[in-house]
Structure formats: C-alpha cells, structure tokens
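Two complexes, one shared chain (chain A), two partners (chain B, chain C).
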Partner chain A sequence: MKTTLKSWVWSVRNFFSGIKSKLHLKVNLPTGLKAWVYLAPALILLAIFTFYPILNAFRLVIYQGYQLIRDTDGRLVESITGYTVFGNFIRVLSADNFILPSSHTNSSVLLNTLAIVFISVPISIISSLFVAATLNSIKPLKSFFQTIYFLPYITNTLAIGLVFAYMFKSGESGIVNQFFMIFGIDPVSWIERGATYWRAMTVLIAFGVWDGMAFKIMVFMSGMQGIDQQYYQAAAIDATPKRRIFTRITVPMISPMIFYIVVTSIIGAFKTYSSVVAIFGDSATPDGANFNLKTIVFHIYDYIYSGENISLAAAGSLFLFAIILMLTLLQMYIGKKRVHY
Partner chain B sequence: MNKEQVKHIKKFENIIHGIDLVFFLAYVGLFAYLFGFIQVPNMPPEVETIYEYVIFGMNINTPILNTWMSYLAMFIIVTFPLLFINFRKTQNREYYEYNRWVAGNLFAGGIISLLVLNPISAVLKIYLSRRILLESEKFGFKKAAVLLGHGFVNMFKKKPVDPDEAEGELKEVIRKQTMKTFIRVFFSYFFLSVVALLIFIPFYWMILTALKTYYESNLTNTPRFFIALSEMQWMNFKYVVTEIDFGIYIKNTLTVGLWATAGTLVTTVLAAFAFARLEFKGRDAIFSVLLMTMMIPGELYILTNYLTVSQAGIGWIGGPTGTNQYYLAMIVPFLTSVFYIFFLRQTFKQIPDTLYKAAKVDGSSDLKYLARVMIPIAGPTIFTITILNVIGSWNAFIWPRLITSVGDVNEGRGYWLISAALRDADFTTGGTNPRVMFNLQIAASAIVTIPLIIVFLLLRKYIMSGVGRSGTKG
Partner chain C sequence: MEIRLEHLSKIFVDKTGRETRAVDNMDLVIPSGKLVGLLGPSGCGKTTTLFMIAGLHKPTHGKIFFGDDDVTKLSSDKRGIGLVFQNYALYPHMTVRQNIMFPLENLKIEYNEAVARVNEMAKLVGIEDQLDKKPAQLSGGQQQRVAIARALVKKPRVLLLDEPLSNLDARLRLQTREEIKRIQKETGITTIFVTHDQEEAMSISDEIVVMNFGVEQQKDVPQKVYTNPHNLFVAKFLGNPPINVLRGEIKSNQLFIQGVLIGEKVAKDGLYDVGLRPEDFKIDEKVGISVEKPEVEITGRDTLIRFMIGDIQIRALVDSETYSTANHIRLTVRSSKIHLFDIESGDVIR
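What follows is the complex of A and B.
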C-alpha cells in the first residue's frame, strides 16, 4: 500500500516535470536578480505599510489645517491651508492637559505617563529581580513556578483588564475590597464613581506590574543562568552573606539585562493604551471624575480616532519616536561600555 | 528487562493511550452534546430559572445538568494533559528506564482513570504496572507495598546519634547551618508561592465569576470563593457565544489570524533566505535599514496605514455599506514582519554553507533547496514564529478596532475581532438603567483566555524560546 502510493506520487511528479522541461519553463536568473524576486513580497509590503508611513509622517507634520474633503467627483482629496515647521509640535505640546493640568481637569498626559514610569516600572523591576533570584536558587518545582509566572505574558490584555476592573469593583462585592475588609479597612471605590486619582492609578499600576513581570522574570532568569559559577564558589569559600552575594555579584553581572529592561519598560510605559481602555473605557475616566488616565500614546490615538487632527497625530508620534530613539541610543551607548565591570 | 519485553510493553502502553484518547473524545463530545441542550433565558433573568430537560430518556433539571457538565469539564481538564504527557513519555523512554517508578506512575494513573470513570484504562494500567514491576524488579505488588511502607517509616525515623563528644561542637555548627539553610529554603518557597498566588488569583476569579449567576456576580455583597458543581452556570458561555455573537467574533479572529500567519510565513521565509544565502548588491544596507524600523513606534504606522486602506487610499474601508473589505484591511498590512525576517535569518545563517554548495553541485534549484533542506532544519524556529504570530493575531486590538469603527458601525460590528468585542460588545441588561452583566463579560474574557493558556501549556518550550528573543510585547 505504502509503496504503491509512493510510486504513484513519483509518477505524477515525473509527469509534471516532463511537461515543465518540454515547455522550457526552467529559467535561470542571475543570483542578484533572483534575490530580488525572493525579497519582493516582503519588500513591497514593507514599502507600503512601513517605509511610506514613516516618510508620510514627516510630510503630514508640516501641513497646517490638513483635511480630506470630497471633490465634485466624490473622490477624497487632501486640502491644506498652509505650511509650518514646528507649529504642529507646539500645538501638541501646548494642548490642554498635555504637560500641565488645565482648569477643568486635574491630570495631564505627561504626569500620568511619568507616574507609570516612576512607580510601576521600579516596582515591577525590583520585584521581578527578587523573584528571579529566588527562583534561581531552588531546584524542585522550578519549572512549575516559571510556567505560572509566565502566564500573564500570553494573556489578552483586554480580557484580563476586564477581570481586574471586576476585581477592583466598588463596594463590598469587589474581591480587593473584601481582602482589605479582613484588616478592617472600609470598602472604597477604585475605578467607578467616587474614585480618587491615586486609587484609579493604583489599579492601573497593579495591572502594569502584574502584566509586566513575566517578561522581566524571564530575561533576568536567563541572565542569571549565564553567570559563571566560579564567582559564587569564591563567595561561598569566603562565607559571604546571601545579601551581599546578591548585591555584589548577581546584580552587577546582569546589569546589562537590567538596563535593557529599564529602557524597554519606560518605552512600554509611554505606550500604555490597551490596559487603560480595558479598565476605564475609551474616556479613561472613572464616572464623574475630573481627571483622566490618558498616556502619551492614548493622546495620539485620540487624535487618530477624531479623524480631524491627522497632522497633530503625526506630530505626537514623531515626538514619541524621538523619545524612544533617545532611550535606545542611550541603551546602545551604555550597553557598549559593558556596565557590569 | 530486555528490548523484546519493552517492545511489548510499549505496544500495550500505546493501546492504553488509544483507549484514553477515546474516552477523552467521549468527554468532549458529551460536553458539547449537553452544551447544545442548554436553554438560554432572557437576560437578565427576573428569577433564577430552572429548566426541565429530557436527555437520554431521563428527566433532569438545570442544577443536575450543571453538575454533569462540571464533572465532564473536570474530567477533560485532568485527562488531557495526562494523556499528552504520558504519550510523550512513552515515546521517549529507553528500555533501561523501566523500573519501579514507572510502575508506580502507571499505578497512580490507573487510580486516576478509575476516578474519571474509565474502568478499562484503569484495569489495563494496573495490570501493566504489575507486569513492569515483575519484569524489571522481579517482585509484585505485595513487596512493593512493603517497600513503600519502609520508605515512609524511614522518613520519620530519627537518625542514630553518634555519641562522640569531640565532634559535638562541630555538629552544633552544622546543625545551626542546616537550620539556617532550611529556614532560607522555606522562605524562598513561601515567597515564590505568594507571588504565584498573586499571579494566579485573576485567572481563578475569572473562571469562578464566569460560572456564577447574574445575581451573585453583580448584586451580592458577599462573593464566595468556591461554588458547588451544581451552581456552575455553563449557560453563561452559551449565552456569550450565541446571543452576544462571540461565535462570529472568534470565527473572524481565526480567519484573520490564519491568513495573516500563512502570508507572514511565506514572505518572511523567502526574504530571510535571500538575506542569509544569496549574494546581491546592497544586502547589508537593506538589512540594517529593516532593523532600524523595528525601533519606530506602531502609532506612526497606524496613522498613515489607516489613510492608506481607507477611501483616501486603496479604499478597502470607509465606503458605503456592502462595498467594504474589512478582512483585507485587517490582514494585508500584517502579511510580513521585520522581526521574524531577522529571527529566521539568524537560524538560516547557522545552517552550514557547504550544504548549499552541495545542493548546487547536484543541480538543485534554490527553491528546492529552501523547501527540502532549510525549512526542515529551521523547523522549530518556523513553528515558533507560527505560534507567536497566531497568538499575536488572537490578541490584536488597536488596528482591528480602528478598522471596524470606520464608516457604518453596524456593518463593522460583524467583523469585530474578539479583543474589540470584549470592550465594545453590549454586555448590559439594557432598558433605561443598563447594568453590566459581569458574569457574562467575564465569561467572554474566559473564552478568550483559556485557549491561549492551553496552547501555552502545550507548546511552552517553543513560545518561551521565541519570546526570549523578541523583546517587548505589542
């Protein structure tokens, strides 16, 4: 049975290759040209959806009053009222609530982002470092714990964001409030009507830490496994306390990873968007509150969704790109200097 | 044990796996069959409705049906990973590895089979464990039980103390050190367990809430941490899939995800091959330009791509109802990926160049060499890319949501992907004073999350190796 099938496949194949050779379909391209044929599908797609958008952003940002309007044939055409060099950047930076809180809102995009950068990022990095170090020191159940810790990474942000919103429900029905009631603390409103800024921010930070630890733990673990055991053996001979081993050997040796994680986490904090939408909805505001929890990227998406201020969205994303570029160059510069010894 | 015996035993084991598989499929089939019976009430139910069903000629009501389905769900959760692990173990076990531990594992497996109402596997597993014991250790269950008892007693027996006085001081030091080590290990595990618990609580709360009634999830002030099997509302899932249209959204997501993944594989494999093997002018320059684009934030692309696919460009979306190509707009921009080209090129580069030259000497074409040599060797990497891309499409939120929010919202609704649907679908009770029905919303979250967890647990190795190189999410 097997051999019959095989011979049948071969005969079919020979039949087709016979046709092919009769029709002289075999073309021999020079290698250089052939390479371009192989590259073509990817490069065409990248040209349309990656390279062109980058150039186009620089084009859009110099327009004033950019709009798409229908002409007499019903086709959409671009219309502008003038050109400007920094005008759109200035408009983004001076927009209400971008840098400083305005009269009617007690929060600003930049302050929100900085709160995440300076609270969520350090907490998640330090706790991941401790978890990774502890995890690295045990043998049984190691892969079990590793699997559990990695779970948040592959989950859907929206799905778990909704679960977090439900866990932080106000009143006695929320599980977090129930937990605090054990210690005699009265239930409060976290994300609904009556929430204060820092309570709402706490929920966002809790989600950020929960969601972000998986990747950090994994990177730190792989860094720690790469440390030469000789350092630890030398420390053991000198009867060095564990705390000193951690601060003097482990942390310095994985400092490139720590620095990489710091930079990517800061970039990630600027890009916080899905979790805010999941927990607080599109307004990023608890009911009736006079603050919002929008981040820089959230601000850019507001421009895109409104559909009118395309130039401002371009300016905002170029501004973000500049920040990311600076952080990345900083990382490359310090990474090259080998921070650990 | 000799190889001949092991061959027999392996055959026997595979028969058991077959029976286990049949039972597993039976559980799944029965679960689906019962799921089909569930009647969906009007939401929100004024009072908790208890329906009467006639299934297999028996009169049962909602709590009994819930209990049955809960048991079946438990059976499925227990048997599937065991089947998977046992099958892999059987394939990888060498003949000298058959010993009392294998027999013990099989015996435990037999007990579990008995608990999941699978007597055939149970009897066969216990019989096989005895046979392995007899053939490898030359004794039966009786002596095994005695040995087990001895081991258990020895664990609690104090070791005889050496009465040498001179060593007393040293012993004291050693005892103190052991004590210290013990305390440290204890706290390590305690700390890790607490963190694991914190990580796991949202998942537990999600699954529990997804199975609660509307009243318990929304209105009660004393949420319970455990609910009885008969109270598990499997109806919630059915309501979400049929009435809130998650069936459609899942279908949309899979369609977009599979097409995008297939396209990505083709374009990235071809491009990575060109970058890794073919010599052409400007290769390194183009490659470094590609790498640089990885740094650019996605918002910059989304802005222009949105204009490109809308009426201002190609015109896939934003037109009058019925003329829009939502699928194309969601798939085409994601048909390639710079990161995967980079990832694959690294793998391709590790394949020795001599293989390529040998194939050239034999007159094989580049495409044939790629298909017959490179792709099989780089198989694990390609598999990793496939999984990561499917997971990424499953979680895609920003772009699909933007696309389906343009133009006719009611038409766009039919093309929602699950993430957008989780946020935007109507989970409220409706009426003048709508309230979110959390049990349904969280059930939808569970429907989205559980497949991801299953895929992760099965393919952990591939996913983690890929993520390790990929940098941040999103």
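What follows is the complex of A and C.
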C-alpha cells in the first residue's frame, strides 16, 4: 500500500518534470527580478490588507467632516469640509469617558484597557509558567492535560464568552456563585443587573487570562523541553530545591520566550474587543449599571458603526498604535538588559 | 574515600520492552585519594557506571559504598560528590562567579565564607581573573576549569569527570590533562574519570579500569595493563599504532606464523592468537625475521616499518637510529613481549 502510494507520487513528479522540460519553461530571470517574483504573493497580500489600511489611516486622520456621499450619478464619493493636523486626535482624546470617567459614566475606555492589560497579562503569564512547568514535570497523562489546556486556543472566542457568561450568572444558578457558596459566601451578581465595576472587570480579566493561557503554555513548554537535562542533573547534585531550580534555571533559560510572550500579549491585551462583546454584548454594560467595559478598540468600532466621522476612528487607531509602539520600544530596551543570551 | 562497587548492574528497558544490559555485575574497588580512569569504547557502560556512582542513575542490582557507607539508596545530593559533565553544563545566564557559587547557595553557610571559597577554587583552577565573565565568553579549556571549580567548591568526598577532555582541541587537551592531574594531587580527592581515549587515560591515571560490554576487563596501573593485557580486547584497545594480531602456531616452544619462525615462546603446542606490539620489534644484525624491501615511514624519532609475513601485514616501530636504509633487515621479538591469546575466549596464555 505504502509503496504503491510512493510510486504513484514518484510518477506524478516525473510527469510534471517531463512537461516542464518539454515546454522549456526555464526562464532565465536576473536574480534581482527572481527575488521579486517569489516575494510577489506575500507582498500583494500585505499591500492590500496591511500597508494600504495603514496609509489610509494617516490619510483619513487629516480630514475634517469626512463623509461618503452619492454624487448625481449614484456613485460613492468622499466629501470633506477641510483639513486638520491634530483636530481629530483632540476630539478623540477629549471625548466623554475616553481618558477619564465623566459625570454620567463611572468608567473610561483608556482605564478599562489599562486595567485589562496590566492585570490580566501578568496573571496569565505567571500562571502559564506554572502550568507549563508542572506539565513538563509529569509523565502520565501529560498529553491529555496538554490537550485540555490547548482547547481554548482552537475554540471560538464568542463561544467561550457565552460559556463564561453562563458560568458567572447571578443568583444561585451560576456555577461560580455555587462554588463560592461552598465557602459560605453569598451569591452576587457578576455581569448582570447589580454587578459592580470590579466584579464585571474580574470576569473580563478571568476570561482574558484563560483565553490567553493556551498559547503561552505551548510556547513555554516547548522552551522548557529545549533545556538540556544536564543543567537539572547538575542542580540535583547540588541539592537545589525545586523552587530555586525554577527561578534560577528554568525561568532564565526560557527568558527569550517569556520576553516574546510579554511583548505579544501586551499588544494583544491592548486590542481586547471580542471578549467584551461575548460577555457583555453590544452595550458593554451590565443592565442598569452606570459604567461600561468598553476598550479602546471597542470605542473605535463605535465610531465606525455609529456612522460618525471615520476620521475619528483613524485617530483612535493611531493613538492606540502609538501607545503600543512606545510600550514595545520600552520593553525592547529593558529586554536587551534583562534577557539572557 | 574508598569507593566500592558490589555486583553492580544497570539494565535499561526501552519502550518496546527490550532490555539493554549497560553494566553487568561489576565489582570494583577504587582506592582512596587516587585518580582512576574508566576506559572503554563508546557504549561499554563507563558513563552509566559513573552516573550510578553519582546517583543520577539507579542501579538495577548491586550496591555502592563510599568508605563504609552504603550510598546505593541515597539521592545524588546526599552523596557528597562533585560531577563535571561532558559539556560542562555551566549555566549560560550566570557569570563564572555565580556559577561556582551556585552549589553553595543551597548550603547554610555565611556569605563571606562562600565568597572566600569561590575565590580559593578560582585560584586553584587558575581562573581568578575571569570571574565576572559569562561562560560563553570563555574558551573551552577555561569553561572546563570553571566546571571543575564548581564541582569542587562544595568540598565533595569524590570528584567525577565525564569525558573531561573530549570537547577540547588537541593542544588544550594536553594542557588540561596535566591541569586535572595537578588539581587532583593538590586536593587529594578521590577522582574517577571516564574516557574513550586510551592515551588520555594512560597519561594521567594512577589506575585504569578497562571496560567492555558492561564488564570490567582489567584494572591496574596503566603501564601494567599495557604490558600485560589480560585478554585480546585490552591488548587491541590500548596502544597506538595498534597491536599486531595474527594467527600463529607453537611447536616445541617455537612460534611460527605462516610457517615463518618468529621467536622462542614457552607454551603448549597448538594454535593461538598472537599479539605483537609494533614497538617490541628490534632490528638485529644476524638473527630474526628476514624482511625484504619493507615499506618505511620515518617520523623523527621513530621509524615505522610495514612488511608482510605470508599475506598478513605487520607494523613494526623501531628507533630511527638503529635503522639504516637497507633492502634487507632482520627483526626480532623478545619472548616476554610475545602475547598469546586463547582463540576461543581471547584470554591471555601465561
């Protein structure tokens, strides 16, 4: 069976190479041109979906009163009332509850986002490290647990969000409330009417932590498996306690992976959006609450879908880009000093 | 600290359930304060033996004693050993100082004393000016010394070295093996090292243990093992150029190979495997094996002569001074330098 398949693959290959030589397809392009031909597919895709939107954002952000209207022939055309350099940025940053909470909402999109970034990222990295180290040190059922922890990675965010919303239901029917009732804690409202800001934020952060752990665990585990066993044998001879082996050998040895994960998950957390929708819906607010859990990206989508000026959405994205860029540069600077190798 | 292995065996079982007998019922006594080399071809069980002494491998059968203490059941950190790994296993993210100090962090000793001990060890191995570098900035030989310093800083009872010279280039190897010998002499610590290089083992060991197929073949001071091999394996494994092994016959105390008289040898009549070391041939004026038009390679002090007896090629190594260009020479071998081995068992015939 195997050999038939192999001989079949072989003959197909010969067939095509025969055609190739018969057609004299060998075109002798100069090396420079050849490189561009090979790069073309990737470049075309990048140009359409990455470079054009970025450039477009820079274009849109300098317009005032941007609108898409139909002209007399019924075609869509752009219409603007003027140009501005910082105007759109100022309008975004001075918008109600963008930077600081305002009188009618007790939350701001910037603070919401920062809370998610600076609470969920450290928690999820530290817990992923522990899970990875634990998984790495057990033999039986290792692949079983690996699969379990990897499930969130291949599951749809919205689906997980619905499950979370179900788990954190208020009253005695919510699983989380039932769990706390074992310890004699009264059931509370997490994400529905009567939820406080930090309870709702806890659910959102728990979601972010759990959702992000799968990929982190995978990266950390592959890093740990790459560490030479001799380091651990040497440490064992020196009677090194497990905790110190972890902090002094395992963590420094995978520090490049940890650094990579810190950078990418901070970027990812800044772009949180779908988890808010999945748990709290389009309003991003528990019923009747005087706060919301909108993030910067959520705010940008609001600009787009409310039919408001699209230049403001562009300004919002560039602002987010600037924050992420600065933080990443800062991390690179620190990383150069702290990451080994 | 005398080390004693009693009926030590290690059987590895792979996933399919197949057993590999890495070390087979080994009895060995390593005298206190000596530098002992475990020598053998790869896969002979020498590193397994070392790792069992270190406590990294659990023996399948048998016992290990350090002095009078049975350490078979002790974990490696409680045995009081220092181990230098083949590729040193220095922590790449720590400086040399931190590397050497690492074993002390787990002991309850004063910081000042730890620093003093690190400096003392660094001085002993001669790297006191490299303490603030990372291992990657050091040469192979320096890394080796750091690894030895790290192994010794705890003041272990036994020092174990796994292929200590295999990662070094030829010149460093020569230098480092003298260094290891010196450090061992200065500290007087019982040291076991593993090597597949016979020259390395012969040059620095007080005693060598030749191993093959997980079994000890011979244990003695290097020169004795070389001159009186117990069996054909030991004879073949030691020596460069290697020993000539030929089928020969003893007839009334005279050795014939392919009908040619080689020399006198007192033994029972019969067929034997004959071992003749190349350097045991001597040029003689009148008597001996007659050699016509030999192939000659002169390499300074020594001259290598290749000649045929029947259809078997033989190498002889003679002093260049005794050899003068000639188409016809005669070679003799002294009776005591002729090694006879049993054809079946390979054991030496005395």
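Keep in mind that, in the parts below, the second predicted complex is superposed on the first by the 275 of 341 C-alpha atoms of A that agree within 3 Å, B and C clash if a C-alpha of one lies under 4 Å from a C-alpha of the other, contacts with A are read in each partner's own complex, and residues count from 1 in each chain.
The rule is simple: contacts are C-beta pairs under 8 Å (C-beta built on N, C-alpha and C of every residue); 3 or more make two chains touch, one makes a residue touch a chain.
Just so it is clear, the structure is predicted and the values come from calculations on it, not from any experiment.
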Exercise. Chain B versus chain C on the shared chain A, clash or fit?
Worked result: fit
Exercise. Between chain B (first) and chain C (second), which, if any, makes contact with A:Met218: first, second, both or neither?
Worked result: first
For this session: Quick one: classify A:Ile175 as touching chain B (first), chain C (second), both or neither.
Result: first
Problem set entry | Between chain B and chain C, more extensive residue contact with chain A | B
Exercise. When the two structures are overlaid on chain A, which partner does A:Leu111 contact: first (chain B), second (chain C), both, or neither?
Worked result: neither
Exercise. Given the touch rule stated above, what does A:Ala278 touch, chain B (first), chain C (second), both, or neither?
Worked result: first
Exercise. Is A:Val188 in contact with chain B, with chain C, with both, or with neither (first, second, both, neither)?
Worked result: neither
For this session: May I ask you to decide whether A:Ile334 touches chain B, chain C, both, or neither, giving the answer as first, second, both or neither?
Result: neither
For this session: Give one of first, second, both or neither to describe whether A:Gln230 is in contact with chain B, with chain C, with both, or with none.
Result: second
Exercise. Which partner does A:Thr134 contact after superposing on A: first (chain B), second (chain C), both, neither?
Worked result: first
Problem set entry | Where chain B and chain C come nearest after superposition, their Cα distance in Å | 5
Seminar exercise, completed: Residue set of chain A touching chain B in the complex reads 31-32, 34-36, 38-39, 41-43, 45-46, 48-54, 56-57, 60, 68, 76, 78, 127, 130-131, 134-135, 137-138, 141, 145, 147-160, 162-164, 166-167, 169, 171-173, 175, 178, 210, 213, 215, 218-219, 222, 242, 264, 267-268, 271, 273-274, 277-278, 281, 297, 300-301, 304-305, 310, 313-314, 316-318, 320-321, 324-325, 328
For this session: Going by the contact rule at the top, pick out the chain B residues touching chain A in the complex.
Result: 184-185, 188-189, 191-192, 195-196, 198-203, 205-206, 209, 218-223, 266-268, 270-271, 273-275, 278-281, 283, 286, 290, 293, 295-297, 299-308, 311-312, 332-333, 335-336, 338, 341, 366, 391, 394-395, 397-398, 402, 405, 418-419, 422-423, 438, 441-442, 444-446, 448-449, 452-453, 455-457, 460, 463-464, 467-468, 471-474
Exercise. Contact residues on chain C for chain A in the complex?
Worked result: 54-56, 75-78, 81-83, 85, 87, 89, 91-94, 102-103, 105-107, 150, 154
Problem set entry | chain C-touching residues of chain A, taken from the complex the two chains share | 228, 230-231, 233-241, 244, 248-249, 252-253, 255, 340-341
